[in-house]
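Below, chain A partners chain B and then partners chain C, in two separate complexes.
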Partner chain A sequence: MKETDLKRAYNNVLAQAISTSQKFLFAGNLFGDIFVLSLNELNKATEEPPSKLKVFPQGSDVDINCLAFHRDFLIVGAIGLIYGIQWNEEDETLSTKRVWEIKIPMQVDAVEVPDVNSFYLCSETETLYAGCGDGVVYQIDLEDGRIQREYRGHTDYVHCVVGHPDGRIYSSGEDGTVHFWSDKQKEPTAILEPHKNPQLLRPDWGKWIGAVSVNDDWLVCGGGPRPAIWHLRSMECTRTFEYPGRVHVCEFVDDSVLIGGEHNHVQFYTLNGTLQANIPVEHTASYSSVWQTNPFNFMSIAGFSNKLHILKDFRFLDSKIDMYGNVQDEMEDEDQEDNDEDEGEDDSF
Partner chain B sequence: MSTQIAVADATTTKSVNFFALQAAFETALEQAIAENNVEQLTKEYNSFRANSEHDKRSPMDQAFREVLMKRLSDDVECIGALVRLSVDAARAEIVSNTIPVVLLGDTFDVVTLNKCELIFKFVEDLVEVWKEEIFFASCKNNLLRMCNDLLRRLSRTQNTVFCGRILLFLSKFFPFSERSGLNIVSEFNLDNFTEYGLDSKDHDDIDNKELEDTAEDIPLKIDYDLYCKFWSLQDFFRNPNQCYSKAQWKMFQMHADTILQSFLSFKLEDIRQNTDSNGTNGDAGPQAMDVDVDDAAIDAAASIAVRKETNFFAKFLTNPKLLALQLSDSNFRRAVLVQFLILFQYLQVTVKFKIDTYTLTSAQSDFIKETEQRVYKLLEETPPYGRRFARTVQHMLQREEMWNNWKNDGCKEFKKPEEPEPAEEEVKPSPPKRSKRPLGDCLRDAARSGKFYLGNDNLTRLWNYSPDNLQACKSEQRNFLPLLETYLETPHDKSDPAFEWRALRLLARQTPHFFTLVSQPSCKISDYLDVVRIRLTREKELVKQISTTTENVSENNNGLTEPSAPTEQEHDASVALQETEPEPDLEVEDSEPVVEEVDETPSHEKPLMVTAAHIEEITPLIGEPWMKVGKKIGFSNDELLFFQMENPTAGVACMKMLTNWISDDDDATLENWAYMLEGLEMHKAADAVKAIIEREKTSSTQSLSQAEIQPDANSNDVEILSD
Partner chain C sequence: MNMEDLLNTQFVKLKEAMNDLFELKSAGHVLELKQSPGVLMFVALKHSNRKVKRNIKSGRDELHLQKSKVDLSRLQLQNLLYEVSHLKKEIVRCQKFKSRDTYLELLSDKEYAIKFAADGSDNANMSNHKTHLYRLECELRLRKELDNQYSALLTSKQELLQDNLKQTQKYLSFAPALRTLLESTKPLHDALQLSLDVEWKLSSIFKYLPRALYILFINLQALQRTKTEFASKVVGFESDQQMQELLLETENTLKERRHFTEKSTSIETVPDKSLDQVLKCHPLHIHLVIESPDKSFELILIVRYWQLLKCVTVRAQLNSTNNSNFQGDANMVEDLLGHLYPDDTGNYIPIPGIEYELQNLNLTTEKCLEYLVENGYGKPYCWLQSMCSIATVNKKQTFKHEFNLHKWIRKVFMRILKRWQSWLRLTQQIRGLTYKDVDLSISKENIYPEGLSCSLVQWTAISSEEFNIQNAGLIYNLSPSNGITYTSYRAVIVRGSAKMECFIRIPSNYPLDIPLWILSVHWNGRHTSMNNAAIKMMEFWTNSLQPSQLKKGNRLLYSQLFRTIYSFDIFLETEGSMQTVREYNKEKPYISTFTKRIRLRPYKYIMKGSTFTFKQ
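What follows is the complex of A and B.
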């Protein structure tokens, strides 16, 4: 019991993913647990409490830093490795076995194992881009698991990787830069340094860029520096957003920009920089957001708290869903299972 | 025919039985309807002298009802006519007083609702009649029953308008203090369930669960989604007394908090059409709202806005898919917020029929007070005309409180306050009108004096403001077009379409930027204007920089490239001095003084100012009596003395004095000077001045023609010195 209480208090969810069927939400935390939430339950609009979550422990030594979903695989980014586990839609279960595993190569001079901080999955080309702690973005072919290419340029670890199906990749890092890459060029096509813009710099919080997001013409990024919107071709900063905290999440959602981070609200801004919605959250810091517009509008925001925040129309907070303490099996059993799993994992390593 | 004859015979002699009477009355009634006159009927009625009043009246009643039955299929108007006739008949005391209402009631019983709606118009039209003494007492109950019967047939959700008409009629018909129309014991309409995505039996379960949860006092694990929270509130609005139960209150408090939080987190944008009132309203804050002029404008705009809104739903639509739209709809928001206010009011006021146990704890009333403020704030923030709306609601709730107090006091009858005797204000007969001059004369007089006469004093004054109206329009002062830069800098409402439109017009007129493309994330005009403003200022700075740099450059390059005047002057300073200043001297010496009368300078020409060179030239000609000139110019004795003391010779003193003069006085023109000197009979000096005038004129025309070569030689001089 005590362990769950602790977990409840210190639950830190860094990653979420939505299944290809768009029916399930996966949320992974630093305790190595993956929660699965059925989205259809949420859309029923009854006063019945939504059915409880399922939890699939990956072992307490696995920090789930990032998640992606491809075909019927859930791809987990942990420390030094990326692995895939099969999701069985019928039974709604994750297989306990890792189907495949990719180790991130250690640099010659590296002191510690690089962690996988961010995924960008390009499902058209079946390519996964992983931004890692060694400052490299690895391009991984999901067909055979080979590392096709390494994008080297960052001088510190990579926070966030995003891209565009036409082959443009954008990565932001602790070194305060946003690197623009093309899969056809070796060198970065451009480098953006928001902290050099005095308007954006917030000296107390450093120069790191925690999150970046792009659409066809615009890029939004922020972190220690203020979040701002940039024109991709002219590289000009056109709007800054008055988000008061450090930024860990920013995203283009429909016609607006979602910004979250170390603040008790996540905020939606219009592209002009006017505050549209100011949504209170319980997270000490928000770290992850996933959303879909089909078959229904749905967004989940997670972070350092035991609750997933669900938004159904991107404007109002719809509900908050507990994670620990809201799991299908009973408490005692779950704990038991947890321990069992942990042991099992330990053995295998 | 035979019966009629028989009846006719009988009338005089003996009483006739009911049916015969009825038949006779029916025929008479048909005639009366045709003539739309009750006379005929009265005559017929009175002709049966043998029957008692009582005997005759009921067949007459019956006759009316029979005729109505026959004519029901007719036009609606016919029924109206018949009712009106029956009113007259009742006044003539040939039928019972209730008959008009009975007729209407009969009609409503048998016709369709559509027709009822048409026929009800007669009921409404005759409201004054029903209120008359002879009808009110007897018809009151019948009318009420009739209306209630109708209401029962109508659907509250679909026939809202008709229902409203009936209720309005009742409220018009019954006096204020009529208790039957009142909800005296303050009951709630508990049937008004708002159903949403759940069955009612689930409802209880959930409630129980809720109770359990709160009882155990652990934080609720299940956080219902917004949809359920939102609609569950309606149940509290339906039955406010639930709030006095502790568990329910907790739930209410929680849900209300969430909903208000949601409203706060997503503010609605103001998309108002009427921008003029927008500006004053939005910027000026609460004080401007109290200005009458503004109010009038807003009134008009608001009423237009209200009139446009024709949709009305008697019940909430609770489809979950609608929720997002509903929450973003300002009308819906307002409805819900006002519901909150009504609930809070009920909870706070003392109501006679509230059970004693229904009292708020101090925590509850604190919450209510606090939340009430929040709700008002949200109402104010909900466009359009939020502040105004909030004020109106507040006012209405205050009125409601008065009604509540009235009810608590036992619904005392209203009396008009004693009207104060109208002050003996002598209504003065309007002053006898002056015999007016014929219009033609006025016009003729006006035309003669070159003026306009428009028949209205103000208009006439306006038209005669200046001699030539068209010329006046051209004057500089009539140019109200502001500079784009200054206009963009003026404080304005962020998205005031009128401002934007004007700014774009100015933009198109004054800068080429209007035709350049600005790449930008938004297509809002306000943002575009912002960008343009920034560009303009940047450009201005750039121009400044360039001009200074070119100046510097030109200095180095010996001024080969630059066209600007100041640099030229600097470089060719020595040449220019020789060319411009000594020149007049030479010319004066050469030319003969011209003694011609100088024509008055045309008004458009710049007056020729006196310069230092001129003074130098003329001073010797003035000589000793310079003090005279000084006096004429307007120096005081002290000043003249000062000049004398300070300077050794008269010439120098005179020069100082004149220099002083031209630096101070705008009137220091050559013309004035010449005139002055002539007045002092210093002809020599005056002539010299006139000569200078001539010379300057010719040189200025020359310099005009040689503008390219010597642009500023003349005007520069003048301007610098006249400063």
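What follows is the complex of A and C.
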């Protein structure tokens, strides 16, 4: 299989981010490529086809696990490493140089370099929370790149970190728990274990919690167990959602809840648990969603396929945008003129 | 006082005096007294007259002076006018002037910059015109230099020609002596039974080869001396005479036809059956025999030349030297040649402008090609034309004319051999899998010493349609196949109650493209890359295996199969971690079951020092 075909068939986008100017969308995949899409093009009412994407390769050894955007640089979470790269808004280019780099410290008993799985960026305090493969949430000061604090408690790797500007942090992990943290307390303020709830448990799929999201009073989480809404103070499960797949994405969007994962649809539910919208997607599994309501409504859902799914009203699919095969200056046909010495095609090489 | 007044007063005075005199005379007075003042008046009159005359003269002189002045200025004016008109003319002439240098073809800015980069450093501040002049100068210098070189080359060419002539004459002078020598040694040849005659006969045949085949043949002969993997011979007609007759005949028909087409420009229709006659390949063709690596087969390439199409075609034949069975290999040879180079499937005639020439004869390239293929003459591949030093254009309209024939022919042969070897290995593997005469668990490609928990229970060929129906979703994502056909297989791998179906598609241009695997797991429902990310990652891991990653001696298809089986093992061992009764226990060494948000399983196999582990 040719490399282009291989990438097109198995493109796995784990992370997306929107620039501070809200004009550009970044999507990073496991092949180490970051795609940049201009949102202004999408918002135009004209019928002409949207312009092509730009791609900025980070190296085939870089797995782009998560992305965040702060001021004018893009923060990339790779394996054991967080780095920032400058985004030039005028030229619409990502610099090839890493502006800064933070290494995740290896634990004493660790055998593998931990992945950086999830970011929560608190722009008010300029703090980045990174949920990592060693089960620790690292609190990083973006001013000087210092690791300010480590939140330890998970017994397996962290899937997802979210938080609230007032200092509350929530992390979910492979160990099946959601840890509630406060930046003033050393120990977790509370621990939620949805798989202990027989209503939620789906034994075939495990206890891991793939995604969590909060607003002022409520928390939604899901993974192997069914997605459900929890009240933050009483820790009661008030509503479960009938999403038929494993959950990798859940989020409060306006007054509804978006749930996505290993299923050929993503779904919007009301807080009462009724299905509002059932949106077909081409992803084998959806892994990432980003959205904004200002200056215009826009949502992009990405996952294990070569397409970004664009929603403009959060109810219906607006368009699908190809990634590989839709890039500026892409060579349609690489020159396969191979020289006589290296044919690279014989079995015995 | 005015001259007129001056005279008038004198006249008046004179008249008065006259009148006085007259009165006095008439009165009879003595005149003498009065006469003398009167006479004196005449003197005064004379004086006045002289004065007047002088005045007039001076006036005239002045007039003359002024007049000459006027004349002078007038002359000057005339001069000026003339000058103006002259200048105007000059201006017009200047405007109409065109320098010859505009007709010159100058070097382009870029070339100029390269050639005169060193001495053109100060022309940044020169005016446009000056730069131009400077460039012209440079150009002149360059041209002079080139001219010198040209003349030098001409003289050397002349010298060489002279030299040549001299040498030829010298060698020609040997001819009679050699001829007598030949005749006189003939009995000796016969006595020693030397086979020189045979070679002569051969040479007498191949001198009738068309230019393209002749070039090929000579190069092949040269190569044959250094290598023994292949043999080439000219096949045609035995006797010289027959050959000549044949050639004459074809020439005549060609001439006739040319004559005919020139005469009748009106539309003529060539009936289908005469395509045979119109095209007509050259009566001589070349047989090329290549032996397979294991010496059990020989590949015979029959190369023909088509005068009208100006191209050569090749037909391949596979002969077994020891009569073993080789089913399904007929297609293999065609695929081998058709996909030797990408986008060179021989489905068009790659000769520049041939379609227009055929148009004159009311033929189309498609029709000719169809004829060639139908009658088993093979296809006109670009690489073949290059072997015969025929210029080609491919579909992308890139022109190619190979000159280093020696190297090229060798390259093509190496490629054919290598491809063939790959194909043989592939068929061997497929045969091994179909008849299960490979022991997977001890095969040396089996990297993991503990062996496999899954087993391959079935490997069968299926039709492409069946393959496409099964895997519509993924095929859609692939780039279109140009001229590539596929052979499909279905493999079934089983472990306990779990079953995995693999659909394998082997492209006809293997090993340019490698086999594609599509997986489908039947265990608690059907899992494919369309509905299960873990399966999709498995599939990616199998399909991402590149031939360059293989260790020496490893077989691609086997390695792919092992990858798939390990992945399936890992999948089963990591699946269902919450169940109370687990069907598959962890047997493979891996540290963490899942990593990343996608819950990636440890499909990758690594060897750290002496320990084996599976890793994400």
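The definition used in the following text is that the second predicted complex is superposed on the first by the 330 of 349 C-alpha atoms of A that agree within 3 Å, B and C clash if a C-alpha of one lies under 4 Å from a C-alpha of the other, contacts with A are read in each partner's own complex, and residues count from 1 in each chain.
By our rule, a residue touches a chain if its C-beta (ideal position, glycine included) is under 8 Å from a C-beta of that chain, and two chains touch if they have at least 3 such contacts.
Note that this is a predicted model, so its numbers are computed, not measured.
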Chain B versus chain C as contact partner of A:N12, first or second or both or neither: second
First (chain B), second (chain C), both or neither touched by A:C132: neither
First, second, both or neither for A:V62, with chain B first and chain C second: neither
Touched partner set for A:T284, first chain B, second chain C, both or neither: second
First (chain B), second (chain C), both or neither touched by A:E112: second
Partner chain in contact with A:C160 - chain B first, chain C second, else both or neither: second
Of chain B and chain C, the chain that contacts the larger number of chain A residues: C
Which superposed partner A:L200 touches (first chain B, second chain C, both, neither): neither
Chain B versus chain C as contact partner of A:K320, first or second or both or neither: first
Chain B and chain C footprints on chain A, overlapping residues: none
Partner chain B, residues of chain A touching it in the complex: 42, 44-50, 217-218, 229, 231, 234, 238-239, 265, 270-272, 276-280, 297, 307, 310, 312-313, 315-322, 325-326
Residue ranges of chain A touching chain C (in the complex, touch as defined): 1-2, 4-6, 8-10, 12, 14, 63, 65, 111-112, 115, 117-118, 133, 157, 159-160, 174, 195, 201, 203-208, 210, 224, 248, 262, 264, 284-285, 287, 304, 306, 336, 340, 343-349
Complex contacts: residues of chain B adjacent to chain A: 197-198, 202-203, 206, 221-228, 232, 258, 261-262, 264-266, 320, 323-324, 327-328, 519-522, 524, 527
Chain A-facing residues of chain C, complex: 342, 411, 414-415, 418, 421-422, 425-426, 474, 477-479, 511-514, 516, 524, 529-533, 536-537, 539-540, 543-544, 546-548, 550, 552-556, 576-580, 591-592, 594-599, 615
